[in-house]
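Notes for the one structure printed next.
As written, the chain order gives the labels A, B, C and D, with residue 1 at the start of each chain.
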Amino acid sequence: MASTFGTLFRISTFGESHGPAIGVIVDGCPPRIPLTVEDLQAELDRRKPGQSKIVTPRKEPDSASILSGVVDGQTLGTPIAVVVQNTDQRPSAYKEMEAAYRPSHADYTYDAKYGVRAISGGGRASARETIGRVAAGAIAKKVIRAAIPAYQCVAFVKSVQHISAAETICQNPDPDVIESNIVRTCDPAAAEKMIQLIEKVRSEGDSVGGVIECVVRGVPPGLGEPVFDKLEADLAKAMLSLPATKGFELGSGFSGTLLTGREHNDEFYMDGDKVRTRTNRSGGIQGGISNGETIIFRVAFKPTATILQEQKTVSAAGTDTTLAARGRHDPCVLPRAVPIVEAMVHLVIVDHFLRQRAQIMDNVA
Amino acid sequence: MASTFGTLFRISTFGESHGPAIGVIVDGCPPRIPLTVEDLQAELDRRKPGQSKIVTPRKEPDSASILSGVVDGQTLGTPIAVVVQNTDQRPSAYKEMEAAYRPSHADYTYDAKYGVRAISGGGRASARETIGRVAAGAIAKKVIRAAIPAYQCVAFVKSVQHISAAETICQNPDPDVIESNIVRTCDPAAAEKMIQLIEKVRSEGDSVGGVIECVVRGVPPGLGEPVFDKLEADLAKAMLSLPATKGFELGSGFSGTLLTGREHNDEFYMDGDKVRTRTNRSGGIQGGISNGETIIFRVAFKPTATILQEQKTVSAAGTDTTLAARGRHDPCVLPRAVPIVEAMVHLVIVDHFLRQRAQIMDNVA
Amino acid sequence: MASTFGTLFRISTFGESHGPAIGVIVDGCPPRIPLTVEDLQAELDRRKPGQSKIVTPRKEPDSASILSGVVDGQTLGTPIAVVVQNTDQRPSAYKEMEAAYRPSHADYTYDAKYGVRAISGGGRASARETIGRVAAGAIAKKVIRAAIPAYQCVAFVKSVQHISAAETICQNPDPDVIESNIVRTCDPAAAEKMIQLIEKVRSEGDSVGGVIECVVRGVPPGLGEPVFDKLEADLAKAMLSLPATKGFELGSGFSGTLLTGREHNDEFYMDGDKVRTRTNRSGGIQGGISNGETIIFRVAFKPTATILQEQKTVSAAGTDTTLAARGRHDPCVLPRAVPIVEAMVHLVIVDHFLRQRAQIMDNVA
Amino acid sequence: MASTFGTLFRISTFGESHGPAIGVIVDGCPPRIPLTVEDLQAELDRRKPGQSKIVTPRKEPDSASILSGVVDGQTLGTPIAVVVQNTDQRPSAYKEMEAAYRPSHADYTYDAKYGVRAISGGGRASARETIGRVAAGAIAKKVIRAAIPAYQCVAFVKSVQHISAAETICQNPDPDVIESNIVRTCDPAAAEKMIQLIEKVRSEGDSVGGVIECVVRGVPPGLGEPVFDKLEADLAKAMLSLPATKGFELGSGFSGTLLTGREHNDEFYMDGDKVRTRTNRSGGIQGGISNGETIIFRVAFKPTATILQEQKTVSAAGTDTTLAARGRHDPCVLPRAVPIVEAMVHLVIVDHFLRQRAQIMDNVA
């Protein structure tokens, strides 16, 4: 169950970083949704390694194949299996890991949990696992768009360490601007500084983290379940299930704790026949249920754990030792994490969309 | 499914605020765990209304009854049903709500979702729902303690609006100190200021929020699942499923994004035959799995949405109107939220503890 | 999870036979379905003890209370909790069970599983558990009927030991006839013989079993999932989850294995614009999915395990001993099992109905 | 969810008959279980087409590849993905199906459910789907055997149409005898007659069904959950989820309804320090929980729906028509169904074994 996400639109990912393949099964996708492998590949290309000078130079084409669930460019309603072969493996770069636990990685905890692990490439703990999420997210987006053409989910890098995009620009992020710079921020001026910072820390064998913000428009009122499966709870789980994440906040978030109720509440007003709020400190969700306003949240990503500088650590055999990573790593995961964040949003939204459809019986008096 | 939480230790809550009763069923509790209704009542008394001058003056005894699953002070392994009667209901205090949606509440979103709602007392969206969580959490704690006597989970109020507990005290919070002040913070000096602030905003008909921090000790390495059901992901979901929460962060959290990898990584060392980390920016979880260090996280609670000041809003009929709440409300939810946060931690930990037990086959070579 | 059934319309039962109460939570019931406690009581009265001379003379009113999820005679979409107090308990009648395992009962296996059990009244293994199912089934029926007015589910006693209802009458069972005789068979002539047989075996301190047949009309084509959650698979699980059941067969069932494919296949024909089959050896389900024909299945119930004659057995302490039951027991469970079988059908159908609703996106081209 | 089975040992199958591949993901397999692709292939070879003169002559090697979850011949505890390429496809043989619904097949019901289907080869409704079950079952068997070396599950053909294996031989079926005849029955004399019958009906373009019996030894007392997830309920669901099945019975089954309680009850006795029953009409399960005796059940398989004789039917366009199948089909599915039945037993048993492990806390006083 560890590797399954969703209730009605349910995905199960599989694969180790240096095993034969990585992939996902999507069960519960509605039938007759137009879908081609290109829909998936477009998103996978946004997360693949080697796409720019500030990400890992590994060269993996990450070419997806659809093994089932689609015929003649249409979904069948049956499970959709997607597989990506692993190709650019250099197990030699991971030799040190056999002997030493990488600090702030999952090497030690996997051993503690399973008593065994796929050492090469980080195995199951590698961020390559997110390939399956991105492929499934692309399918989810197609389903949502088929029902809600106005649906739009835009994630972007809000900050890299101390460098932040301008708040005014963040309030209306332009997807084209975001994709036009390799760091995937909405603020071109900040992009330059972020890139310089990433290149600098890489040259030092170090790494940096930052914050990704995501705005989701077009979600109709009524999605989300009122108690445990609140929409923000499922988004929080989705985000904290991503590698390297340390925090999640919705709408006003932590800074909202500095306001009084009077200052924080979002007053309602009528916009024609629609109920709207004048402010959006709620972040588009109230009582766990979408209210039709833009959903806004932020996710904290820690600096990449793998650094080339030497660090103290211990061996699997239980002796103190040191470790300096070799290999090709991302000095900052955020640019490639942007499409992954979006994929997880699609997966949460499509699941709650289908759940809401099941529940509301239109033909009942 | 909205109202079910957990995989092996599974709870299902039920009840509207002003309906006949509120409660929970716990399914999957191991047999032969000592359990009495007093175990539950002790925790329920920490969350009940009317316990101090800074919380709502409503007088609900919140007396629990165990209807099943326990005989002669021992669990049977069968579902444990717990019921609390609702007694202090003043539906008249909610008359206004029939006509007007409370800003930043769930009135509008429930109508959008269901087309019907239990108006009096907030219905299912009332924080009274957390009674079931606290009762179930008390059972979970008994199960964990039976297996791990050293297990300890301590939540406390870290800040109320701009007033924070001293960081040095937060690093080693004393449960007795926390319970000795009505705001449930670890810092007695800050407690006084927090109480004054809460009394002040109440007198103004306003409200405040803040941050709760939680430290969990004694969790063995190996709990948590590596992909979607990461321990931090399930904690994040648990916390964001609580009313009034806006954010969650683990270990270094959002501020961790300001460090480099070199600064952020937790180096390993051997402490006798135990693998330990010198720092704990990971917050006790690496790769989704506990590493044996203290689990530390923080939760942001917004200021209470219900305020006595008049606010603009709209009616269910779709006209602009105003609303000033009457009734008896918490000007700050944090003091009563402390045991609720702990209950959710117990529920997450016990579930992953049982999942890990199922998985590790000791008798396999 | 042991005590939860269903995917979208999900029920969780609780309660021991001689504990304070028995009940159920229904989560996932659509909102705005008309529902009163009388809807539940009507079905509970059909399964309650003491209703005729051929069932147990225990006197339990089995009066249901709805604790949540319903306001003003309408469902809210939130969990519906139903509780029935246990009243007519005579623990003294179960004294022997403390010392001796009842043959073909669950006493020994509960001890093997849990190392503890609620001895009095059979505890969780008592058929009183089905009260929760019947109450939940009554809710499910209301939901189905709201969407499909033509839906009709009729179960009846087809045979008691060697005495069978006439096959021609079974092919078109009349609900009024079934409810008009205390054995709940469709054939009045057979009813008399069945009643005489049951009275005879009771007088001998013995018991009998038999077969219940169930016909379900009005189920639209398309319900059921094609692989594991086939409609017949979920029906089979539902039936084999009932106490005392030993077998399930759909349509032609075991006797269908004596035909050739030529003889067994159900040819299709057009009935106006509807696809129909001329025969119905499929029993209304093909490939796991309803085909719009009447769903027909049969369930085998073994003779009641509790008999008043002395039997050899062993004690919980591990010594050979003998046991003669005292107390008030059903010499034949079938008359009271009829409404239970129907309840489980309602639960399976409503769940697949909601699942199908979620999946088919009408607004997609 | 349609395509997922199991709670802790959870499998998800995917694939259409004539799509690129068929396969399965197993999530929840314990770590450090010895496993090679040969373990899977041995079972797949027992179900593959073309293995004898009485099954379909299609030539599919059904060669499995393990894509994840296994390193150095050991399971990792992570999802195990298994893929089998589809090779011997002759879509032309299915041309007729585009125009006409095959009687007693899933063509019509898939269209009713999804509004689209993979026509060639039967798509998702093809029995090729069971490849994933058999592969997963082989993994499950390895897990059970690692913990319970004495575990043994033997299924065999008990009858083909009117020809039955001798009851005395069925009571102690010899796996070597079963595998030594191509019909997979335990009675060599009956085998000859069954083979002749199958060859005869094939030559007539017709088909036959029959009954498979399965005996499972070595299951410890205590597996199974007492209410909905009774061991027999999960076995019934597992069996009725297989293509072409029409019935399931445990132990005495339908014929048990002809006995009185006195005759039917299984008396307990002490066998050393073990609790045993002298008879086994319960079929090894009491109250939903294994009692340590041999688990015995039977499954009815209908005659293969695909026959070469011309049958009346309707077209997808809604007109009456006729259809005579071409292509290469099994005139009797039972010989190849034997390993599939066993696989489903392994999956049910391993899941309940892990669930029981999670629940019993040995270290609790």
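General remarks:
Keep this in mind: contacts are C-beta pairs under 8 Å (C-beta built on N, C-alpha and C of every residue); 3 or more make two chains touch, one makes a residue touch a chain.
Owing to the predicted nature of the structure, the values given are computational and were not obtained by experimental measurement.
Across A-B and A-C, the chain pair carrying more C-beta contacts is A-B.
At the interface between subunit B and subunit C, two copies of one sequence, more than half of the residue numbers in use are shared by both copies. Separating the CA-averaged centres of subunit A and subunit C is a span of 45 Å. Work out the mean CA point of subunit B and of subunit C, and you get 39 Å between them. Look at where the CA atoms of subunit A average out and do the same for subunit B: the two points lie 26 Å apart. Shared contact sites, meaning residues of subunit D that touch two or more other chains, fall at 1-4, 8, 13, 28, 31-32, 77-78, 113-115, 124, 226, 355, 360. Those residues of subunit A lying in contact with subunit D across their complex are 1-4, 8, 10, 12-16, 19-23, 25, 27-28, 31-32, 65-69, 71, 74-81, 83, 113-118, 123-124.
Considering their complex, residues 1-5, 7, 13, 101, 103-106, 108-110, 112-115, 124-125, 129, 159, 161-162, 201, 206-211, 221-230, 232-241, 243, 245-254, 256-270, 273, 275, 277, 281-283, 285-292, 300-307, 309, 311-314, 318-320, 355-356, 360 of subunit B touch subunit A.
By the touch criterion given at the top, residues 8, 28, 30-33, 77-78, 143, 146-147, 226, 354-355, 357-361, 363-365 of subunit D touch subunit B in their complex.
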